[in-house]
Amino acid sequence: MVARGVLSFSGRPSIRSAAVAAGPLEKKKSRFAHLFDQFYDSELCGEETNEKAHSRMIEDACGLVLEKAEAMPADADFLLCGDLVNQMTPSNFAAANLHLPYIGLFSACATSVSSLIAAALLTEAGASRLTLAGSSSQHNAIERQFRYPIEYGFQKGPTAQWTVTAAGFAAVTPNEPGYPEIRHATVGRSVDYGLTDPLNMGAAMAPAAFDTLNRHLSGTGNTPDDYDAIITGDLGSVGSSLFRNMAKDEGIEVKRSKWRDAGEEFYGDDPSFFAGASGAGCSAAVYFSDVFKRLMDGEYRRVLLIATGALLSPLSFQQGDTIPCTAHSVELVMGEGGES
Amino acid sequence: MIAYLIRPSDILDKSERAGHGQQAQVRLRNRASPGEQQGLEPGPHSWTKNGGGVLKKMLGAAGIVLILSGCGQGKAEIRVTGEPDADDEQRAERVLDGEERISSAVAVFVKEDLLVGVDVKPLSRFKKAKIEEKLKKKMEEEFPERTVTLSGDQKIYWETEKLEKLRDDKKKLHDQVETIKSLSKEET
Amino acid sequence: MISSFILAFIVGGLICVIGQLLFDVANLTPGHTLSILVVAGAVLDGLGLYEPLIDFAGAGATVPITSFGNSLTHGALREAEEHGIIGVITGMFEVTSSGISAAILFGFIASLIFRSKGRP
Amino acid sequence: MDQKTYSQLEQKMSPKVPLAGNLIRAFLTGGLICAIGQGIMYFYMYFFDFTEKTAGNPTVATLIFIVMLLTGFGKYKKIAQFGGAGSAVPVTGFGNAMISSAIEHRTEGYVLGVGGNMFKLAGSVIVFGVFAAFVVALIKTILVKFGVVGW
């Protein structure tokens, strides 16, 4: 271990397959819709409640990932996932149906990466032959928990973000040539810059993203030029530009084309989504469709994924607390011939 | 029907102006010869029954009256109906004429009751309660033998206007006055 | 007639502009904003200003939430006028607001027939 | 970058709320709702025995009925995104708060869900309305008692 919280995986666990299930609006509006594997006709996914729909989406995404990895549910050793609903009941119920050893992880919207890190650790330790890792969010379930009832009329400002309905999962296995490998990871710190506006999450999360980027680069000794892309999770347009500015200010120069943000890109430039997408399903959906495919196609050789999460609850916000944020990063390298 | 809803101070379209102008004309006639009043048809709404022909004839006259009276400007339009005694009408007009903040008023004399619906000018309505109070006091001083009910409420005004049609039907008139009185009590 | 609509529009619109200022400039949540406006309505009635405003603007003053504070205060004051201090308390409970009853009734009916859609 | 510098940067870079536009939209939306209310009021006054004072109650109830339909069909939140306070401040916003909560918590049952959550958003308005009315009436009653003001 070079630096605190920066991990190197000498066993190079692989991401054997990845899948995304998404809601009806994502089918219509997302730029990445053509890469997703499954859609639902309604937000309720044929279930009675939003939370059940949320759970259903997780199960379906897990099924798809296993199918793509040519495996049965019984072949999986662990399920590591999380969502944003109270006590993560959607993930818990999905885990109950999948009958897999399960650890629920809460890193808010950074769970897509924190679950990958945990999966890589289990694999590295030799405890797992196949682990399902991922995260998900369902717009209605999250909105009603964190903000207002769905039908409540509330004017959102230009910094607001739109919680996506999507579940993204990946199957992590011991090293298999020809699949993206997990080389390094940085476990994020909880960073609190004293921001309090829950409708400007991007700005609150940007310092955490920067902290993790900085630590990852110094911990691994890499420079931004070593990556084909540095992809943040759901900073949105506001948070991303703050993040880039912060990095520039601290002397980390990256070409604009290498900076990507899943939240900013998710719905294209549609202004009805304000500053972009957010939610635990946002980064997972993009990482486990677009990024995975580009790695498989050889378009990317090495990428750094930095998923950010705002660790607030409606209670903490109402009690006037600030919004602590975290960011976890994982460095994926496309198989054969990587030297570092 | 529309005629009930009109006040001179409003911005009116052409057909509505006809109605208003006609009302104004009736008033002028009434004033010119108050003694003949009983013989007059209760004017304001009769044209609606007589059909379009009368309406067209009226339009020209109404237009002139309208221009002369300068829609909404000047003194209040005051009508008196019911069963007024000989000089009741002039006395009521005198009291109500002194108030510039009302655009029109209808005073109804029935038995010992005096029912007055006033239409306060839009921009003076903030002081409506005070105007009502002041006018009511004046009316009570002028007609100490009568029970005065005075209101600036639009509904009461519309209803008192309707009473003009009922001057021949005594029973209905009396009933209606009682209804309006109870309406105005509800208000407070 | 038409002037009543115009006055309702202007006065109602202006009260909403105050609300928007509380949203955007004072950075308050809808809950805080509406509570402040209700309290403002109650205070204005205590000063005897809200009833004239209703006379002036009609629905422009009765439709905004401020009128809710006004009608509550009005009920309490009316009772107080008759029964003194005790009236303030009894008046509070005698006041009925059609806004609340209607919202409860239609809210319940809505829960029977509608599901939340949740799409932009 | 320390907190202070960052918050300055954040202030500088975060897009500002379009205040002028929001105010105009709030004015138009709120004004329109009130004008519609005025129309409904005239309807009740003209066709029924309601005076200016008493027509307020059925007008408010009618507006809330309309809001129930708009909320149920998912239209009110679009009006709100456009109108901001223009749709929140009129009694329609109050109705929307209660109705949307009722619909939203339908899944938790009628007693715990609908009944228990209906006032989640609108409750504060009722609480502060009643309390403010109490305080104001009390103060005024005392002032009248001491002859400072009249009713």
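Lettered A, B, C and D in written order, each chain numbered from 1.
Simple rule for what comes next: a residue touches a chain if its C-beta (ideal position, glycine included) is under 8 Å from a C-beta of that chain, and two chains touch if they have at least 3 such contacts.
As the structure is a computational prediction, the values presented were derived from the model and not from experiment.
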| item | value |
| --- | --- |
| Chains touching both chain B and chain C | D |
| Leader among chain pairs (count of C-beta contacts) | C-D |
| Innermost chain by mean C-alpha position | D |
| Interchain centroid distance [CA atoms averaged], chain C/chain D, Å | 8 |
| Centroid distance [mean C-alpha coordinates] between chain D and chain A, Å | 38 |
| Separation of chain B from chain D, taking each centre as the mean of its C-alpha atoms, in whole Å | 38 |
| Where chain A and chain B are represented by their mean Cα positions, the distance between them in whole Å | 74 |
| Contacts with two or more other chains, residues of chain D listed in rising order | 17, 22, 42, 52-53, 71-72, 74, 83-85, 88, 93, 97, 99-101, 103-105, 121 |
| Multi-chain contact sites of chain C, meaning residues that touch two or more partners | 1, 4, 23, 30, 55, 116-120 |
| Residues within chain A bordering two or more other chains | 50, 149-151, 154-155 |
| Touch-based graph of the chains, sorted into line, ring, star, complete or other | other |
| Chain pairs in mutual contact under the definition given at the outset | A-C, A-D, B-C, B-D, C-D |
| Contact footprint of chain D on chain C as seen in their complex | 1, 4-5, 8-25, 30-31, 33-35, 37-39, 41-43, 45-46, 54-55, 57-60, 62-69, 72-73, 75-77, 80-81, 84-85, 87-89, 91-92, 95, 98-104, 106-111, 113-120 |
| Chain D partner contacts - residues on chain A that touch it in the complex | 48-50, 144, 148-159, 193-195, 200, 203, 207, 210, 238, 241-242, 245-246, 249-250, 275 |
| Footprint of chain D on chain B - complex, ascending | 4-5, 151, 153-156, 158, 179, 183-184, 186-188 |
| Complex interface listing, chain B residues touching chain C | 5-7, 9-11, 120, 122, 125-129, 152, 154 |
| Touching residues on chain D, where the partner in the complex is chain A | 1, 3, 6-7, 9-10, 13-18, 22, 71-72, 74, 76-77, 79-81, 83-85, 87-88, 93, 96-97, 99-101, 103-105, 107, 121 |
